[in-house]
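Shared between the two complexes below is subunit A, which has subunit B as its partner in the first and subunit C in the second.
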Partner chain A sequence: MTQQPLGKSIVIWTMVALVLIVLSAPTIVVLGASFTSGNIIQFPPQGFSLQWYAKIALADDLRSAFVRSLAVALICTLISIPVGTLAGIALSKYAIKFERTLQIYLLLPFTIPLIGSGIGLMLLFGEMRILGQIWPVGLACCVINLPFMIWAVMASSASLDPDLELAAANCGAGPISTFFNVTIPGVMPGIISGSLLMFILALNEFLVSLLLTDARTVTLPVQIYNSIRSIITPDLAAISVVFIVCATLVIALLDRLVGLDIFLKSK
Partner chain B sequence: MRTYRKAYPLGWRIMDGIEAAVAAVWPRRLSGAVPYVMVLPAVLLVLLLVIGMVQIADQSARVLDTSTFMPSADYRSANYEQIFNSGLYWSILWRSLLGSVIVTVLCLVFAFPYSYLMVRTPSALLRKFLLIALFLPFFIGQVVRAYGWLIILGNQGVVNEVLGLVGVPPMRLLYNYPAVLFGLVQYMIPFAVLMLAPALTAIPEEIESAASSLGANWWRSFVHVVLPMAKPGLIGAGLVVLTLSLTDFAMPAILGGGSQDFIANAIYDQFFRTSDQGMGAALTIILVGIGSLVVGIVFSIFGAGTLAMGRDRK
Partner chain C sequence: MTIEAGIEGRAAQATRVAVSVRNVDMSFADFHAVKDASFDLEDGRFLTILGPSGSGKTTLLRMIAGFQKPSAGEIFINGKPVSATPPHKRSIGMVFQKLALFPHMTAAENVAFPLKMRRFDATTIPERVQRYLDLVHLGGYADRRIHQLSGGQQQRVAIARALVFEPDLLLLDEPLAALDRKLREEMQLEFRRIQRELGVTTINVTHDQREALVVSDEVIVMDKGVIQQKAPPSATYRTPANAFVAGFIGVTNFISGKVTATSGDAVSFDVGGSEVTGTWAAQGPAPSVGASVTGALRAEQVRLASSEAELSGCQTTSRGVVRDAIFEGERLVYEIDLAPGTLLRVFDHDPAAHKQFAIGDNVAMGWNARDVLTFPN
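And then the complex of A and B:
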């Protein structure tokens, strides 16, 4: 941006500043509210204390809900890595018949509304008698976010020079060793960014969890939602900070392992 | 001696074994099928959704018998008729559609300068800051963000307390339509920016310089050069925001407080409050129909934009 006109800079910066405030306000306020020493959430906050963190550390229901959320996110990520990687590589490397149809089909998780996917899976899992367990929730989270994983791998795969694989074959590597020694390392940035995305989205998944869990298998976002409806207390703010910490960790990992700029690259 | 033994390490021998085994069960002449085998697991996973939708379609044609509380065994269209004849569902539908269009327009307007600055700034530090400010709320989840807004906008919330300091009486900022739309815009902006940014990256900066050296001021070069070239990104971002906000559940439920239901909330209530599965299923089918219609119209007019998943055709 060399010597931008003043009017343009003012317009852009005003709008960006507004967006920044609106984006960050809930995070900052939740963080602030979690450290209050009062019994209700007030502004300006009353003093500083860690009492609400001490309280949630002792709350078994919240802790086990968080552990279940972690399990859901882990299952979702473990399923999505092989499935999304194979599909992403296949879609970007090979000319497939009915490619357009397949594209539209694989975008179904995004075009079918979440409430529809959730209720459909609820009916299906109910018929299969697997409701009330954790792993179907992870599977469901994987299905609804799968296009993210495929996109991430495809973006890496498209920038991979096909000559590299030919060179490996030329040096005597069979198709399997070429795949594991050349193709997979080549698309690794996509696999890493895709699986981190899948993990954090599953950890936060609310609506599908709400539909697929019961009182014994409730995940943390659903637990928070259920408590919001009755009364707003600062312990909810403290437990919400767990999500802020997880999000920060994932962002730091993304930045360290692949660089956040990966999301700005054009396909 | 040592170099000789290392020349063909164990790992290679194992790899050779795997190669031989795979070649035995998967002869070379079948290699044309490899890409299809690779996409198969993804196709099967998505099939779960398709089966689920078939189940919903089946349910939607079964009418609840109010005397026995059992769904009817045969197919009837009464659920759909009831929805089309009821003013309640039309108003919910209208509220959702209007809301999602407003949210989409606002999101695109505000996401554009954000992505533009993020893509074009020469400062790596500013770019990283903007990315982190974007990803943090994106990764925190809807419920926590809505909870934050409850604290900010509530009757004893931050905004009302600050207004109180300058003598403005407390206002009801929550549980109304603007609150839901506001929450949705905040929820959707990261999606919009992330869909827009790659499209803006693809626009060479030189083209803008060329426009301005030919005498266009920044507004003209924005309207006539940048905006048309960003079209694929705008379509992708617009579609994602439109469909996600049309079908959203959490924001209307939490920030609307039950008085500002969108279609998804009506569906949930039918399944879990009224326990009329058929009615809820019929509503779901209508929502899926509207969603697909919107996506189909946009795709056929503008193309798939940045949503395309195929290879780049060179």
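And then the complex of A and C:
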């Protein structure tokens, strides 16, 4: 291998450092601000204290909003696993009529501005008289983010050796046994990465939840937004850090279960 | 008793037809993959379907496995038509080209899978799995995951998985194609050993002519969707049915010309001014004078010497200039001008014992008329 010229490597590393700083700046600022001992949100923080974490731990409205967010994320994930898995396998494996059209149709939630789908869902759920409950919010998160799940499963499924299912048939497995014993385990990395992604996206979802929730069903991002409208205090930074920690935990879990390299390749 | 008589004598003991392919045709949208294929395979025999890629050999195998339905014709296994039987209801074990082992299972779980799917008595499964892992010399690797095994070990797991439920028929879809030469030759003998030990009727598909000759009781040569010949390996090599078979197996020189005279089976033809005499090897009557024919002459059937006098045992002699001499270890390969535009490849399997020629030498070549198998052009 040839040695890179020094000048070139300095340029590259400076670029990398800049990009890393820009990408992580919001996280670092929020993280720092959450540990302030002062009363206003600022960076660098004044002193160090955990008082704002103590405050949010005691704040009932934040705590229950967080629990509701977890519930929404869980409902969204539970719906998306069967739906996204079946759709992903079908789209990658079988010659379906109007496959292109179907793929574009499944991409629609991305092309419609979230505010648009949010209003649409609000009207629909309002007509159905199911607003004011948690599960429609989970369902809505599932609808708008489902393409992520489908893509993750499709990528896994497309990389599967098509002979595996023939081999299963040759071993005496009927179509249903083959599906559960060979196809599903084969696309499991896609299912795991897809569903963890769905979980994070639903946990963080703001705009659609804003339209679909009320005082009884408010989720954490909406709750934070409502608080900002009155006064920005460091407890919001603290709750944001809790959020970041949750997302980091999910990513760590993903790494343990399927390996981040596989996940990144499937995107 | 000669070796060939021994091989064919053993075959004569088996008589029951295990697989019968009758007038099978397979057309895809724009491609006629298999054309009117018919053959019978007797119980316990090892058949290899040999052909270049696109010859239809894999399509034929996949129809037997049940993955594809023939456009016309019928396949019988143990006397029963199977076209309406889905693959999972057929008693056929198969080793796939890319093996298709289940990556999320251990070696033992892979081998146990067909037993579970075919509802074998659960209490006997572990013992049977172990027995078949032992058969393929993988007794100590039962709990390894597939990716923890070497290429050769994965081959063995695939064989055990295909055989563990004692299928009526074993299909091999070029499973050795991806292996390096040494391992491939080792696995060829391993397939042969296991097949003999279990006596399972086997159909192997390959484009490797050496493999076909080494492992098989019988060889079918296919080209362009058509079965060209079905014969034991020695007969396929010695008496090819047509020029394609003669050229596909072994290193064969083709010399073409117009017929000058015929006498019984002997056909003389003119190759760029020199007369070559061959033996008519095709079906049907010998050609008339003036017809265009091709003679197939194996590289090992040509003898070389400095002068014609040393080739007294040969019926035909000719002279030519050595264009290339290639050392291949166990043999020397000469390329010699027979006539303008016709290079003859000649093997010398014992170069140390003979005079070696150099590029540019003018040498004498000799062969016998029976070794020039002559076909219509």
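Assume the second predicted complex is superposed on the first by the 245 of 267 C-alpha atoms of A that agree within 3 Å, B and C clash if a C-alpha of one lies under 4 Å from a C-alpha of the other, contacts with A are read in each partner's own complex, and residues count from 1 in each chain.
Heads up, the rule we're going with is that a residue touches a chain if its C-beta (ideal position, glycine included) is under 8 Å from a C-beta of that chain, and two chains touch if they have at least 3 such contacts.
If you're wondering where the values come from, they're calculated on a predicted model, not measured in any experiment.
Participant: Please indicate which partner A:221 is in contact with in the superposed arrangement: first for subunit B, second for subunit C, both, or neither.
Facilitator: In the superposed model, A:221 contacts subunit B only, not subunit C.
Participant: Have a look at where A:47 lands relative to subunit B and subunit C in the superposition and call it first, second, both or neither.
Facilitator: It touches nothing on subunit B or subunit C.
Participant: Look at the residues of subunit A and decide whether subunit B or subunit C touches more of them.
Facilitator: B
Participant: Touching A:110, do we find subunit B (first), subunit C (second), both, or neither?
Facilitator: In the superposition, A:110 touches subunit B alone.
Participant: State whether A:177 touches subunit B only (first), subunit C only (second), both chains, or neither.
Facilitator: Both subunit B and subunit C are touched by A:177.
Participant: In the superposed arrangement, which partner chain does A:163 touch: subunit B (first), subunit C (second), both, or neither?
Facilitator: The answer is second: A:163 touches subunit C but not subunit B.
Participant: Determine, under the contact definition given at the top, whether A:127 touches first (subunit B), second (subunit C), both, or neither.
Facilitator: Once the two structures are laid over each other on A, A:127 reaches subunit B alone.
Participant: Do subunit B and subunit C land on any of the same subunit A residues, and which?
Facilitator: The answer is residues 174, 177 of subunit A.
Participant: Going by the contact rule set out above, which residues of subunit C touch subunit A in the complex?
Facilitator: Listed in rising order, the residues are 65-67, 86-89, 92-94, 96-98, 100-104, 113-114, 117-118, 161-162, 165.
Participant: Give every residue of subunit B touching subunit A within the complex, in rising order.
Facilitator: Against subunit A, the touching part of subunit B is residues 15-16, 18-19, 22-23, 31, 34-36, 38-39, 41-43, 45-46, 48-53, 55-56, 59, 109-111, 113-114, 116-122, 127-128, 130-152, 154, 156-158, 161-162, 185-186, 189-190, 194, 197-199, 201-202, 217-219, 222, 240, 243, 246-247, 249-250, 253-254, 263-264, 267-268, 271, 280-281, 284, 287-288, 291-292, 295, 304, 306-312.
Participant: In the complex of these two chains, what residues of subunit A are touching subunit C?
Facilitator: 161, 163-164, 166-174, 177-178, 181-182, 185-186, 188
Participant: Any idea which subunit A residues touch subunit B in the complex?
Facilitator: Touching subunit B from subunit A are residues 1, 4-5, 7-8, 11-13, 15-16, 18-20, 22-27, 29-30, 33, 40-44, 79, 82-84, 86-87, 89-96, 99-100, 102-103, 105-117, 119-124, 127, 139, 142-144, 146-147, 150-151, 154, 158, 174-177, 200, 203-207, 210, 221, 224-225, 228, 232, 236-237, 240, 243-244, 246-248, 250-251, 254-255, 260-261, 263-267.
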